[in-house]
Amino acid sequence: MTGVLFNVALAVLVLGLAVWTIIAREAFAAVVGFIAYGLLLTLVWVQLQGIDVALTEAAIGGGLTGVLLIGAAARLRGIEAAPGAERPRNSLYWMAGAVSAAVTAVLVICVLALPDPAPTLAHEVALNIVDTGVANPITAVLLAFRPMDTLLEAIVLVFALIGVWSLAPDDSWGGRPGPVQQSDPNGILAYAARILPPLGIVIGIYIFWTGADYPGGKFQGATILAAMWLLLMMAGLSEAPPISRGWLRVGLVAGPLVFIAIGFIGVLTAGDFFGYPQGLAKPLIVAIELALMPSLTLVLGLLMVGAPQRVAKL
Amino acid sequence: MSHVLDLLTVVAVAAGGFFFFAGTVGLLRFPDVLTRLHALTKADNLGLGLVVLGLLLQVDSVLAGLKLACVWLLVLVSAGSVSQLIACRARRSAQGR
Amino acid sequence: MNAATLFGLCAAALAGLGLFGLIVNPHPLRKILAFNVFGTAVFLLIGAIARRGAAAGMGGDPVPQALLITGIVVAFSATAIAVALLLRLFDVTGRVSLAEDATADVQAPPGEA
Amino acid sequence: MVDFLLAAAGFVLLMVALGLVRILRGPGDADRMMAAQLLGTGGIAVLLMLGAATGVAAMVDVALTLALLAAFSSIAYVRAADAALPHEGGAERDP
């Protein structure tokens, strides 16, 4: 009973914050509402028994997305794009409302009409997980049963970074990304940036390592490591490397390349792309994760910093 | 013995809940940024600290206890620094603009 | 009502809200926010379906849950690109607008841009 | 015990949710950030209590992640707000 009440309160709060995010007058207030919304979603995932998803949401939705959006909102402060001419016509409001209400109605019908008993692949996963050597079913799905999704995701992240970099002005190409960060080395932020990263790195690697058997994994771990790097950069203790550096580019693609190479090893040894030979599944999965982790950390950290803006000193 | 521990947990967690209540009331009722910040840090440090203390009495392994303590430590450092930063920010925007 | 149905219905409402905001808000940053709300609604719907598939001692169907993790990370990378595009637009035009004539009166780029 | 922890989690959630009224009312950006910060801390407390009530040990890991990252958006806000005021040069000073 207490649990049901808790869930209802959570759902009402999530909905309320979403409404605020949409209707708030100022962009900054809407962004803060969205950050709170992301934090609450973490609780929703926990209540839906998706601890792995909750970890990802806590790291990405509660952390990185918020930093990205707050930075943008503070930079665009006072430049609200609301010249009267741009306000949509009343008819558009009504049409948008009607379309949205229709979408919601269809989805409500779908949710209520979901088949019972629900179709599930949990039995198949439980049956085959023994062959992979890992105990966390999510990790088994991500790296053994559907590795293609994970590979393409890692590649999408690299492409996104290339997309962000390509927005650099011509004279900044190859330079250091992000604005010049200057701050007092004895300031409070610098203090936090010296205390938190050692702990954060341990926790990031712990979350990564525990992912084989318990909720966790490389994405969550890499996000934490990237956040620690970002903290150092925000405190002015470290700077993003110029994007023309060779080691940086090698580091960015090394993870996906190792991933693809292991896929081809599967073709040779087990006759199938990403087929793992008997008994070698666990070592290969660990190898993929170890290779992906640094690349993901670099990509996520640099995605947060944005495009190069300073004139490059080549 | 376990009854005593349970009782202590209830007391500590309830006290922690009270500080969250106090923090919220302060955040809503206090007149300016700095006093609201004061109320917020009570919830951050004492509220969460008492909840962690209460739950520490219930853990069954050293690792779980360490993780709980670590959560509190992290929040102390990050929330403490953030409130300093917000206070500096509030003071400067009161003077500067 | 169980958690899956409750949050499934919640997701349906969020999808409508996100779509509405995406259409009517003229500010690009608000559109990014609304798109993210819409995205989380889709994730939540899949999460509710995954929860219903709980079996074999697992709290939910692990296949959709793994897809969700992939989805959240990809949504983040899309948001990063959108924000970078928006900031670049601001640097070049000095204003934040998606209107057709926004580039007609280009102002001097502000600051260090 | 389980019921007590669930009820306490619900109470804390309700409290920090009331604090969210600050996001609606403002008046300043800092007030809004503080409400988000309170929700972050409260969310961590709720996660810990839920974890203890349901016996899912991994929830502590989620709380750890949140504890590390929840303050980041506030830090980003202060950094960006400092950078937006040109006459200060973005440098922070101790009081």
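Quick notes on this one:
Each chain carries a letter (A, B, C and D) given by its place in the written order, and its residues are counted from 1.
Note that a contact is a pair of C-beta atoms (placed from the backbone, for glycine too) under 8 Å apart; a residue touches a chain by one contact, two chains touch by 3 or more.
Computed from a prediction, not measured in an experiment: that's the story for all the values here.
In terms of the stated touch criterion, chain A and chain C have no partners in common.
Relative to chain A, the most remote chain by averaged C-alpha coordinates is B. Per-chain Cα centroids separate chain A from chain D by 19 Å. Mean C-alpha position of chain B lies 10 Å from that of chain D. Between chain B and chain C the centroid-to-centroid distance comes to 31 Å (mean Cα coordinates, whole Å).
The residues of chain B that reach two or more other chains are 70, 74, 78, 81-82, 85, 88, listed in rising order. Multi-chain contact residues of chain C (touching two or more other chains): none found.
Chain A has residues 51, 64, 71, 73, 75, 179, 188-189, 192, 196, 199, 203 in contact with two or more other chains.
Applying the touch definition to all chain combinations yields A-B, A-C, A-D, B-D. Looking at the complex, you find that chain A touches chain D at residues 2-3, 5-6, 9-10, 13, 17, 20, 28-29, 32-33, 35-36, 39-40, 42-43, 46, 51, 54-55, 58-59, 62-64, 66-67, 70-71, 73-75, 77, 179, 181-184, 186-189, 192, 196, 199-200, 203, 206-207, 210, 214-216, 220, 224, 227, 230-231, 234. Residue ranges of chain A in contact with chain B, taken from their complex: 188-189, 191-192, 195-196, 199, 203. Taken together, the chain A residues at the contact with chain C in this complex read 4, 7-8, 11, 14-15, 18-19, 21-23, 27, 30-31, 34, 37-38, 41, 44-45, 47-53, 56-57, 60-61, 64-65, 68-69, 71-73, 75-76, 79-83, 85-88, 92-93, 95-97, 99-101, 103-104, 107-108, 110-112, 114, 118-123, 125-126, 137-138, 140-142, 145-146, 149-150, 153, 156-157, 160-161, 163-164, 167, 169, 179, 217, 219, 303-304, 306-307, 309-310. Residues of chain C touching chain A in their complex: 1, 3-21, 23-30, 32-34, 36-37, 40, 43-45, 47-63, 65-70, 72-74, 76-81, 83-88, 90-91, 95-97, 99, 112-113. Every residue of chain B that touches chain D in the complex is listed here, in rising order: 6, 9-10, 13-14, 16-17, 20-21, 23-24, 27-28, 33, 36-37, 40, 43-44, 47-48, 51-52, 55, 58, 64, 67-68, 70-71, 74-75, 78-79, 81-82, 85-93, 96-97.
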